[in-house]
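All chains are identified by letter, namely A, B, C and D, in their written order; residue positions are counted from 1 within each chain.
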Amino acid sequence: MAIRVTVWNEYLHEVQFPEVAEVYPKGIHGCIADFLKDAGMEVRTATLKEPEHGLTQEVLDNTDVLIWWGHMAHHQVADEIVDRVHKRIQEGMGLIVLHSGHASKIFQRICGTNSGMLKWREDGEKEILWVVDPSHPIADGLDEKIIIPHEEMYGEHFNIPQPDELVFISWFEGGEVFRSGCCYHRGKGKIFYFRPGHEVFPIYHQPEIQHVIINAVKWAAPANQPTPVYGNTQPVVEVYSKLEHSIQGLHEQKG
Amino acid sequence: MAIRVTVWNEYLHEVQFPEVAEVYPKGIHGCIADFLKDAGMEVRTATLKEPEHGLTQEVLDNTDVLIWWGHMAHHQVADEIVDRVHKRIQEGMGLIVLHSGHASKIFQRICGTNSGMLKWREDGEKEILWVVDPSHPIADGLDEKIIIPHEEMYGEHFNIPQPDELVFISWFEGGEVFRSGCCYHRGKGKIFYFRPGHEVFPIYHQPEIQHVIINAVKWAAPANQPTPVYGNTQPVVEVYSKLEHSIQGLHEQKG
Amino acid sequence: MAIRVTVWNEYLHEVQFPEVAEVYPKGIHGCIADFLKDAGMEVRTATLKEPEHGLTQEVLDNTDVLIWWGHMAHHQVADEIVDRVHKRIQEGMGLIVLHSGHASKIFQRICGTNSGMLKWREDGEKEILWVVDPSHPIADGLDEKIIIPHEEMYGEHFNIPQPDELVFISWFEGGEVFRSGCCYHRGKGKIFYFRPGHEVFPIYHQPEIQHVIINAVKWAAPANQPTPVYGNTQPVVEVYSKLEHSIQGLHEQKG
Amino acid sequence: MAIRVTVWNEYLHEVQFPEVAEVYPKGIHGCIADFLKDAGMEVRTATLKEPEHGLTQEVLDNTDVLIWWGHMAHHQVADEIVDRVHKRIQEGMGLIVLHSGHASKIFQRICGTNSGMLKWREDGEKEILWVVDPSHPIADGLDEKIIIPHEEMYGEHFNIPQPDELVFISWFEGGEVFRSGCCYHRGKGKIFYFRPGHEVFPIYHQPEIQHVIINAVKWAAPANQPTPVYGNTQPVVEVYSKLEHSIQGLHEQKG
């Protein structure tokens, strides 16, 4: 059965700036949706300006992996939608956060930090992404590095928790490094942050970048994850030293 | 110089229930403050009902490590205070979350999950905490295990991110296990979650438990952590391929 | 294409002890091979007494995932075969170490510790394995716990590195806990340690245990992992400050 | 009480090459010993050509932290000494591996991989080490980065396990990145790998580098770590379902 992907895009730059529209005539979401469809996935898109940002409960319930691109309007994303997405991730939906999505509300929620804190510079300098975990499924079929001729720089310190699995580290011409491919697990859900994707460069047209995103969708897609029982539960085995009243234990321990 | 600790306690059970007051006549915060003072620390306390919950910016700015105990009134903690604590942790303040503090707003923020999700049972059953990382400073001076005669049970699945360092795993008589000593790093701050401490049992009077909390305070206390520079920064080395206008790179890459 | 699995078994207990032979008439390897074949895998077996323990270079080169069960004769495994397996893992072959394989030469090599150090007891007590990472592919299709009516106990401290991913924690009736499902990455290879499997109990006949091993094989199987370049390499970009002779840098830096 | 450090050095380059001797007239070990003594530590040195490489059982038993620098003669280190050091680390001794010590027998043992696999180049290019975990004690008192004007390059992929804690990532002028400050826990011992230190450059004279090594010694020094009990142990609590003979369980489970 095809993996069901929803590609979410802020979709403002493409509308406001002709030079971005020229790179992404169908929007960044349209570009990503196209190559995911070609990879056999069942894809829909959603954008900021749609009602509920296009992320109704029904849409999320039918999404295996959500892709997130945002930049200038993170604050316009409604808190209740962020709550909804956050809950759905813990229930098993995968999340792939791209580039400037690092500062989105949902990624900050996942990280437990102000993940918007990093260095940046728009000099169009060269980026080299090195694979540091060649055993990882997200590195499948890649060379040992990906070269992007011109990109926005993001530099450390990047204020994120140490990734559960770190797949890529980037080099930038101006002297910076960056943890560019970061995996996290939250509840039943898996999250991947992938750095490249400044809107004025044709990053998502680059075949290796598409390859990484396709791998990441496959990695983040839930299968049939166990559903833990939470709350006040009965013991699995008999508790021989059970206290009649917990207050009795109190007196015993105080001695 | 002494480590400056602020012990925060909800301080409701001790007021409402005589059997809890009997165990903790000075409140849970009073008990913890006492043994930390004996260990040479500079300690103050703060509680829910104080203005700003006793956690003014001035208090936090003068706190190296904050200890957190809460249970029935997590929702009464004001969001702006949670924001303030969260920010201060990323700036270096240590945080030690105890027992039912697992479901507090601040720990959920740190975790990036609904960390309130777990199993629980108040049968006063036996708990055994096993050290699984004997190299860890929080295990310093301990035996390989700590036995608590009667405790509330907390069982997996505990909906937290995999700890950066896992120090203790608990066994409960009724068949459950629990990750009971969990370390996290967030920004410049260090966080330790420690499971024991149901209010009706004299857990914080037990010497080994006090020993762990003292170790944890030492571990979580910041020293002179580096202060990264964030934002739009100049390159460290010259960028030879710098683009006059990033749009030029666009055309180049599009070919 | 089917995953190619080699099931390695010491195969001594089944030969020497009729009560073990009764549980595993075709050997532990035979039992495991059968259910893996039923799951669509291409399976061969290998045992200690075969030439080169059945693990020739040719066999390993055609193995995607190696399963390892050993107990009383770890020292009889030749060091050159261990070297060969260790090298092949780093080149991408998956490894699944079962039960008493915890003390094998190959797992000690993987761990970088004396992983033979743990507690054990043969009282046939109850074991409960709890899923602590429900997002993990190895937990796919499971309930939140697996109950084994009678098993040998293994207890902490288990002298292993903190797992890259911890999937299961076990509870034992006598008061112990154990990290029972542990993932590691080494080079291009993935390793899973799975605790259950004392030879006198029909553990590998239990459907949930078979399910975990099948999941683990799928997780550990390499796809098309990148092959890093090692050694003395040319720069990717021009080094502008290149020293004519490194000794010049020496004088410069000494000032 | 002062931390007892043993600085081990291969001590061959300084003897064979006058340009290295000029940088390190007392040997690399002498240079490191000097600044550690100035930091209040109790320091001795040991070198390859001494009997037992200077690492007798008595020396190791009285060492809190061992520092290791080697390069051209890793194969000359006797296996029994490596075994002895490895055992002592698991018993609590700290280990700090410097630069080309990455390929030493002891670090390969710790890693469980062929950690000698990486890229290298002797062009004397610039290295910038970025702090990626500002909360870490090894980063205490540092700026956000350390610049080394001329160094040997080491590049990814570096064939090590994902570090338990990653403190530094290096940038090199020629386009490479490297995980330069890597923490591991093994048994009761802590290990830190620190990249800089090519013998022809005065790296260990640089104050920030000395600062990192001093921090690392403090971090790796054991205190009073717990000593787990291993082997065949009695239950902590009564096992009610204990089998008379484990073979009985066998029959029960087979049904």
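Here is the rule we go by: a residue touches a chain if its C-beta (ideal position, glycine included) is under 8 Å from a C-beta of that chain, and two chains touch if they have at least 3 such contacts.
In this text the structure is predicted, and so the values were computed from the model without any measurement.
Minimum number of contact steps separating chain A from chain C: 1.
When chain C is laid over chain D using CA atoms, the rotation angle comes to 180 degrees (nearest 5). When the interfaces A-B and A-D are ranked by how many C-beta pairs touch across them, A-B comes first.
Farthest chain from chain B (centres taken as the mean of C-alpha atoms): C. Mean C-alpha positions place chain A and chain B at a centre distance of 26 Å. Averaged C-alpha coordinates give centres for chain A and chain D that are 34 Å from one another. Annotation for chain D: residues touching 2 or more other chains are 126, 128, 131, 133-134, 144, 155-157, 162, 164-165, 173, 175-176, 185-187, 228-229, 236-238, 240. If touching chains are joined by edges, the resulting network of the protein chains shown connects every chain directly with every other.
On the side of chain D, the complex with chain B involves touching residues 92, 126, 128, 131, 133-137, 139-145, 147, 164-165, 173, 185-190, 222-229, 236-237. Residue ranges of chain D in contact with chain C, taken from their complex: 19, 22-23, 87, 90, 109-114, 117-126, 149-150, 152-153, 155-157, 159, 161-162, 164, 173-176, 184-187, 200-202, 205, 228-243, 246-250, 252-254.
Every residue of chain A that touches chain D in the complex is listed here, in rising order: 128, 130-134, 144, 155-158, 162, 165-166, 169-172, 175-177, 179, 238, 240.
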